[in-house]
Amino acid sequence: MSDERQVQQVLARYVRATDARDGSAMSALFADDARVEIFYNRAGVPEPVAELVGAAAIGEATASMMAPHPPRGWSHHTTHDHIIEVDGDEATLDAQFVVFNTVGDERPADGWPAGASGAQGTITPIESGYYRPRMRRVDGSWRIVHHTIVLDQPMAFPGA
Amino acid sequence: MSDERQVQQVLARYVRATDARDGSAMSALFADDARVEIFYNRAGVPEPVAELVGAAAIGEATASMMAPHPPRGWSHHTTHDHIIEVDGDEATLDAQFVVFNTVGDERPADGWPAGASGAQGTITPIESGYYRPRMRRVDGSWRIVHHTIVLDQPMAFPGA
Amino acid sequence: MSDERQVQQVLARYVRATDARDGSAMSALFADDARVEIFYNRAGVPEPVAELVGAAAIGEATASMMAPHPPRGWSHHTTHDHIIEVDGDEATLDAQFVVFNTVGDERPADGWPAGASGAQGTITPIESGYYRPRMRRVDGSWRIVHHTIVLDQPMAFPGA
């Protein structure tokens, strides 16, 4: 498998871990001393929102700081139009992302209404921006050493 | 072209065939005795929804069981964040998918209203989940031998 | 990097230039005498909408003819399910695209309302279709020589 595809698949596993709220799968993608920086892209001037340091803390945040899915709910963090540059054991990746939340309808006790056909639920794009991870090859596998998330939307934190 | 990209392009042709409701293009992507299994991912516990057996039946379902597009309508089955593993002449692919339906507005007889600018229509995400095909290389080209579709939303069937 | 990935990354840079309304970045992706043809896919019968000739005019259109982003707004032209064929120094690419517009909410002077959590804003899919560029390798780098955009939605032009 090409270096570029290996790098791209690290990001594919990152979004799987995010959607599954799987902290240990997430930690495994990062170097021990990795850093995640989140920015809000205020009219082109990135404004710091949050920072996480260390693979353990990054995994912990995935498992405990992200909102759990509601009943019949799931999310898809999707990434697009990757620009990947590999230089030896170092790599950069720039991707667009769009996050979709979905909630399936609950089947009425007496069945779906007349005329209902196909998937029953709602899908809502809730977040977008750019992922810009830097990765390093260590012992033959690529790990994220620094991950920059640039959000298009401002973030509200409960109680803040 | 790398094996991984060949495998990915089979899925790209699969979504083209789906959106075009093109049964023969769809059949050609599957091994003769291929199987499609559709599950609803009920809170993480996949529940069987439907099963199709054989390339001919799979093509037939594409052409006749999917709802036709409405006037000025089209769909885009889009796939994201592929995780591909190739082992000789066998391959697995795991992709997220989101389906968008679109319906273009009808141009009024006296032209678009004042101030209208750009694309005139609506685009709605209606379905999402994971595609997990297994493929096999036969006579140099990759075919789907087993396709698993995991839907996030429950399905309603007319008259069921 | 494989030829196919190089071709795909030209399209990735194309959507970056579009979203940034960056005319010079856009021009640099096209051959000097390149042509862009835009069609509305009226029920499967493509109908010409607009045509641009020359890298300079294509860049100029990106910078001045596209609507500027509103305050706190941005767009993501995203592409999906690429089918790429490279033949020597010629290449074709067929991709689905979906365009999302996003507008972030403005933080109230007295802070986000109680209960607000996560990204604050709206994301709307506004345009979709197919990109079908043809590229040529010139002096080692791929340029778009002819770009076909097939829109699912009819276009309205101000004052037309």
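First chain written, first letter: the chains are A, B and C, and each begins at residue 1.
Just so it is clear, a contact is a pair of C-beta atoms (placed from the backbone, for glycine too) under 8 Å apart; a residue touches a chain by one contact, two chains touch by 3 or more.
Everything numeric in this text was worked out from a predicted model, so none of it was measured.
Here the C-alpha atoms of chain A line up with those of chain B after a rotation of 120°, rounded in steps of 5. In this structure chain A contacts its sequence twin chain C using mostly different residue numbers, the overlap staying below half.
One simple way to say how far apart two chains are is to compare their mean CA positions; for chain A and chain C this gives 23 Å. Counting partner chains per residue, chain B has residues 2, 80, 125 touching two or more of them. Remark: chain A residues 1-2, 5, 9, 11-13, 15-16, 71-72, 74, 76, 78-80, 100, 102, 104-105, 107, 111-112, 115-121, 123-125 touch chain B in the complex.
Residues of chain A touching chain C in their complex: 2, 4, 40-43, 67, 80-84, 86, 96, 98-99, 125-128, 151-158, 160.
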